[in-house]
Amino acid sequence: MNNKEFRLDLDRLQRLGMVEAVWGEHKSFEQISEILRKLESSSQLALITRVTFEKASDLLNRFKNAEYHSAAACLTLGVPLIQDSSLGEVLIVSGGTSDVRVAAEAELALRMHGIKTELILDIGVAGLQRLLGSLERFANAKVVIVCAGMEGSLPTVVAGLIPQPVIGVPVSVGYGVSEKGKAALYGMLASCSPGLSVVNIDNGYGAAMAALRIIKS
Amino acid sequence: MNNKEFRLDLDRLQRLGMVEAVWGEHKSFEQISEILRKLESSSQLALITRVTFEKASDLLNRFKNAEYHSAAACLTLGVPLIQDSSLGEVLIVSGGTSDVRVAAEAELALRMHGIKTELILDIGVAGLQRLLGSLERFANAKVVIVCAGMEGSLPTVVAGLIPQPVIGVPVSVGYGVSEKGKAALYGMLASCSPGLSVVNIDNGYGAAMAALRIIKS
Amino acid sequence: MNNKEFRLDLDRLQRLGMVEAVWGEHKSFEQISEILRKLESSSQLALITRVTFEKASDLLNRFKNAEYHSAAACLTLGVPLIQDSSLGEVLIVSGGTSDVRVAAEAELALRMHGIKTELILDIGVAGLQRLLGSLERFANAKVVIVCAGMEGSLPTVVAGLIPQPVIGVPVSVGYGVSEKGKAALYGMLASCSPGLSVVNIDNGYGAAMAALRIIKS
Amino acid sequence: MNNKEFRLDLDRLQRLGMVEAVWGEHKSFEQISEILRKLESSSQLALITRVTFEKASDLLNRFKNAEYHSAAACLTLGVPLIQDSSLGEVLIVSGGTSDVRVAAEAELALRMHGIKTELILDIGVAGLQRLLGSLERFANAKVVIVCAGMEGSLPTVVAGLIPQPVIGVPVSVGYGVSEKGKAALYGMLASCSPGLSVVNIDNGYGAAMAALRIIKS
Amino acid sequence: MNNKEFRLDLDRLQRLGMVEAVWGEHKSFEQISEILRKLESSSQLALITRVTFEKASDLLNRFKNAEYHSAAACLTLGVPLIQDSSLGEVLIVSGGTSDVRVAAEAELALRMHGIKTELILDIGVAGLQRLLGSLERFANAKVVIVCAGMEGSLPTVVAGLIPQPVIGVPVSVGYGVSEKGKAALYGMLASCSPGLSVVNIDNGYGAAMAALRIIKS
Amino acid sequence: MNNKEFRLDLDRLQRLGMVEAVWGEHKSFEQISEILRKLESSSQLALITRVTFEKASDLLNRFKNAEYHSAAACLTLGVPLIQDSSLGEVLIVSGGTSDVRVAAEAELALRMHGIKTELILDIGVAGLQRLLGSLERFANAKVVIVCAGMEGSLPTVVAGLIPQPVIGVPVSVGYGVSEKGKAALYGMLASCSPGLSVVNIDNGYGAAMAALRIIKS
Amino acid sequence: MNNKEFRLDLDRLQRLGMVEAVWGEHKSFEQISEILRKLESSSQLALITRVTFEKASDLLNRFKNAEYHSAAACLTLGVPLIQDSSLGEVLIVSGGTSDVRVAAEAELALRMHGIKTELILDIGVAGLQRLLGSLERFANAKVVIVCAGMEGSLPTVVAGLIPQPVIGVPVSVGYGVSEKGKAALYGMLASCSPGLSVVNIDNGYGAAMAALRIIKS
Amino acid sequence: MNNKEFRLDLDRLQRLGMVEAVWGEHKSFEQISEILRKLESSSQLALITRVTFEKASDLLNRFKNAEYHSAAACLTLGVPLIQDSSLGEVLIVSGGTSDVRVAAEAELALRMHGIKTELILDIGVAGLQRLLGSLERFANAKVVIVCAGMEGSLPTVVAGLIPQPVIGVPVSVGYGVSEKGKAALYGMLASCSPGLSVVNIDNGYGAAMAALRIIKS
């Protein structure tokens, strides 16, 4: 293949205020290595999402500034930006234990940018008392990210209770009609609660960047 | 067309305990008239669903024992069975004003069979306090039918709060991803609340018959 | 990940009359272990669905009160509630041999709650004489759960023959248009038999809980 | 528009043994008139399907050899072929009153080719006794065409009971998941009865031509 | 229908900071009148979306405090909140002339809440110079709402160029694969630009409320 | 699991003239073994479709009357019926090399019933001369089965050229929009050639049984 | 609505060599009038697609340089570019009479740009002899546009016979699975003929512009 | 299996000017070997697409004139045609690193036919400056092939900037709504840029052949 050249979007940090992020799932070890080498040589921070433990192990051997975060299945390069609490806090909640990876990806992506986060798991609407019992913890958040699979009704209920920005992340857990997160996605988009916005299925990183845009606006 | 003959399922009442019901939407005035004539001559009760006001007016002129119910868009033939309160009550709730026709169809179908019903409208989850404030009215119901359009999360929340049988009816209101009720249907089927069962979109009659089976079991 | 905490819905038994149930498919050995530890320490019964033999073997080593049910691919914790025959019996039927896992999951979930069950396999409508020859066994059932893959017409035929509550469970066997159970699901929802209600594809547990709600109502 | 010329497939009768058939729904009065003029001038028979009463009235004024068949919503040109009973009979059955147009289209298309037909309406599976009570009338048929909407399980049940060729025609009646006939189509394709073949939704003409191919083979 | 009562969510303004909004499309003149009467009697502001000119004319006759906004196809009740420019401005852009109604609905909904807005139409990506030539007008916006039909790539391009929150609104213009806005919706959710969030197809009101949550956070 | 019993449809041969056929894909070695044991003990022929080489090897060790057919991925039990050439021949054609398994399954299923078959591979429409050069071989066939993946236009072209019954079998080869055979299925159902009938994707067995019904009618 | 301004892409002719084209279907009489006024004042040519006869009549009254083309349902403004035969000819073929509007739109769009066109209608693959008998007319074309509805196999057959560029246009005629052109679209994309490219359903204009790009390259 | 014979389309080179190409993914080692043997014996060039490294290794051992191209996952047989620069150059661009395989397949297929190619990777629209900075390299191309996954908006932006033929290739990278390339495909078909044509998802070979048809026309 002649003329091949990987073009990283190296001024993204300056233009958008976001560190370089690479979707790692469909990329080979060699492709990710080449990207990390370029970033390292220009002293950039980076977040590689959806990296398996096996692929990560090989990369950690080669890149000493890299770190693996197993709950989020992400690899980071470089030292996160220093936390600036004055910007406000992002609360990340999830409906079930199976949504943890997506919630953790959102949390990590925000921490890489110096944003303070808090995480509450397992407050699905099937047992509403768990959500209602946690409501006081929502008051401090500047933005709330809500991850949910199955029928995905948690963001609807949350957005009906609080006035802050709420970002829904459909999660691809479930089977039958909820397989691959389509039921949750449609449920969030169709929500009867006003002002709920949504990102792609499993896109914890995207929700984090939407929250970052808000928190810096 | 030779050999044509409409075959009504005239022993349905005896076999299933249900009065004859006819889906009126795709049938012409002539087809419905012929059916009503046969039923009337055998002194049967009947429920014709999804009949427009115009079609109903013409039919009322011809059949003196018929009655039109505009909220439910249904036509009935004959006198409903006498209400037997000892069988218990079916509570029908809906998430929004637009779901009224479907809820009214379910209510009418049950009353035709002598079942006591109660109706609560407009307790959608976007304002959870409305549902929580009505909970004591759920206690008396033997079965609860929940109609909801949009993202359809009301049945999930209800089924997480009460132990009785809950039947979800997706309603075809909404636009975009919720158009035609698919988001609500998938949301109910994917529900994280255990033991919620579902009928076809807009099928108030079907939910009523499922409730009737339960209440007579 | 800071602030993480699993929140089990520990009062579900009191609120809904249902033992704790956990969907095991997307959860790791560690996640299930942590859940079982909490439940064991509070002396709760539990049902873990969709657990592979391999994952189950490891869990059985750690939890002495656990038991694996291979036909249903479920793991249970604790002693089932004592069977109370006075509540009535739930009949579970399936159209083909391939539906066995789903039917067995429904049966197990009901037995955990002390409900009497009966199971009839392989009475698909392609050979109608098998169904018609078994009809007398339907008479004693208070509720009938019908599992079917392919075109899923068995629940329609059953609900046209008997007056009791019938719950359809689409099963994800088949190929081409019936792959993943969508044809069966749609067939059941579209059913011309009045009062058939439906749960998500492969959701034997959900059908069981819908039956439990009925049988206790 | 230069170079425009309608090219009728005038040797279809010789090549396939089928009279010219034109799908009338999306064609204007002028387009159909031009086609009929060409066919009339070459003394050909023709069947125009899906013609509204209004369009037909105008065409009848202009073409004296044309006839309108309102139950089938078809217009024919010329005298049907003489019936040849020795070829055998095609039985056309339908599950509900709403399927009549499709069944009538199939019947008319066969009669145009001189094939003997019989028609049985309203033997849906929700009242199985109606089908079982008509079974002796199936014995004489060389081919059976089964039209059904909703969940479309009638062809499956029929094909499990008789050894003759069975052609399923999904019909676009129903609402919710059965709207536009998709549930019926998928149900027939996914059928557990061996050797059921299927044509497009509402394609009564196509089923008739499949039957004609069989009956002449 | 006994026990019927419309339950407006009258404390929404206090809880969420949003005036009452009613989706007018599927509601009859009578239903909307009843709602407006209740709101008027409690001196509440209201926004009724998706109201045709005809329905609006009748309502204007009855409610003297109501006003119709034809570009947005909305009816408002009461005097908008006084504009508070210190909160910042929301920029609303659209890709084509056909998206105007949705953009106007978003603009009106924000103005009802006292938010300053600016509107730029017709800067679709097929002629990129139009967007690039307008970029300086984006700098002042605190939030940007981007409406686009067809393939919906405008929000992706915008979100790659500016750091502020960007909310995409798919619009149901187009034909073939873009009919009803599905291609635009999927394109926005699948966007390669980080932090773009999305609302339901044609949901200008929802985008406005998401922007309101941000601007007040 | 109590009360479990496999019910084979043992009189299918008498009722439909078809030997027992079992769909082997989703069944375990134990399930198939139990079925074969019952069939063997009642001296029945059987066809097990979609059996992998590995599963077949184990079964061959246990059942001495079984035979594996690798091209068709089927296992047969017992001696095929004696070929009766007077019934006529079924021609099976396929569009590409990748369709071979499905074509071979159809061929084997017919040979089990004593039907004479002929097979022509690789006559896809992209090189029309291959089809046109083989046309004389179609003349002798009583029924033609056409297997095709990708866009599935071969059955349409064939049915436009010959008057015999043509059964289309969509094949699940292809990628992108043709993945899993949906494009081929829709193409065959939508065919502009009159009288083409269709079976489920990859259902070579079903096409064979449809041909058998025809050839015996 | 403040700040509103329609931005026409007035340098499109210079940048892409294409005259201004406007999709007229979802635009009001007022919106189109405003666009035409701007174009007229800058002496630009324009093509407005998908304009009904009624809307066109009103526009013709106001714009004296406009012309309506009923077969194509398009309105043009200004005098077409002078035909330059040296660029080569585009052949436009269609499978059926119902595809005429789309074919005529493609033809008109090319003639507006001075491209020579030829049109052949009604050469669908169900009667292959019509196509094979017209093949010599394909030899002179530099590009071939093939419009087809139903199963859409005509472009596949054409692209297998000739070496020139072939552009497929799926047409939204048909019913059942071919309704709205999805089956034709998928069939063309899945085509087994190498190098067939495709545009959106009914997009005759788009196919014309793809041909223009080729013919000018 | 009797009468089996693989029929290669051996005159494709003469008829269409294209070397034999075989889709290797669903074919076994034996099937590909048999095809290569026939081609080798008739001294034909060939391109086998979608061949894994493992399958290729075995084939390379047997066929000495074969070569494997790992970036494209293709195997070639024979010496490519001599490059003829006078025909013009095809530029192949991609939006992201993950699209490389598809772009490389297109490049290889063109080089096999003696066409000059150039490749530019990683110029996705999220960082528009990368595309705008490369625009001068587009000027020399006679045809541009644009590969893109996710939301697939790169071909739309490119086709709005340059007048040459642009062929879009949707790529099956992404997750959630962009999984399997459907969002990219729909985005390209729905494109607001005039004259963009599209091939099947991942069909680099098809795009190359469409380009070849253009470049030779």
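Here are some notes:
Going by the order they are written in, the chains are A, B, C, D, E, F, G and H; count residues from 1 in each one.
In this section, contacts are C-beta pairs under 8 Å (C-beta built on N, C-alpha and C of every residue); 3 or more make two chains touch, one makes a residue touch a chain.
Being a predicted model, the structure only gives us computed values, none of them experimental.
Under the contact definition stated at the top, the chains bordering both chain D and chain E are B, G. On residue numbers, the C-D interface is repeated by E-H, which shares over half of its contact pairs, out of the options A-E, E-H or B-D. Placing every chain at the mean of its C-alpha atoms, the farthest one from chain C is found to be G. Inter-chain centre distance (chain E to chain G, centres taken as mean C-alpha positions): 34 Å. The mean-CA centres of chain A and chain D are about 55 angstrom from one another, to the nearest whole unit.
Distance between chain centres (mean CA atoms), chain D to chain H: 44 Å.
Chain D has residues 15, 126-127, 160-161, 176-178, 185, 189-191, 194, 200-201 in contact with two or more other chains.
Contact between chains, using the touch rule, shows up for A-B, A-C, A-E, A-H, B-C, B-D, B-E, C-D, C-F, D-F, D-G, E-G, E-H, F-G, F-H, G-H.
Contacts from chain A toward chain C in the complex involve residues 71, 97-98, 100, 104, 107, 118-123, 126-127, 129-130, 173, 175-179.
The touching residues of chain G, counted against chain E in their complex, run 1-9, 11-12, 15, 23, 25-27, 31, 35, 50, 170, 172, 180-181, 185, 200-203.
On the side of chain A, the complex with chain E involves touching residues 15-18, 21, 88, 142-143, 160-167, 185, 189-191, 194-201, 205-214, 216-217.
Put simply, chain B touches chain A in their complex at residues 95-96, 124-128, 150-153, 156-157, 159-161, 174, 176-178, 182-194.
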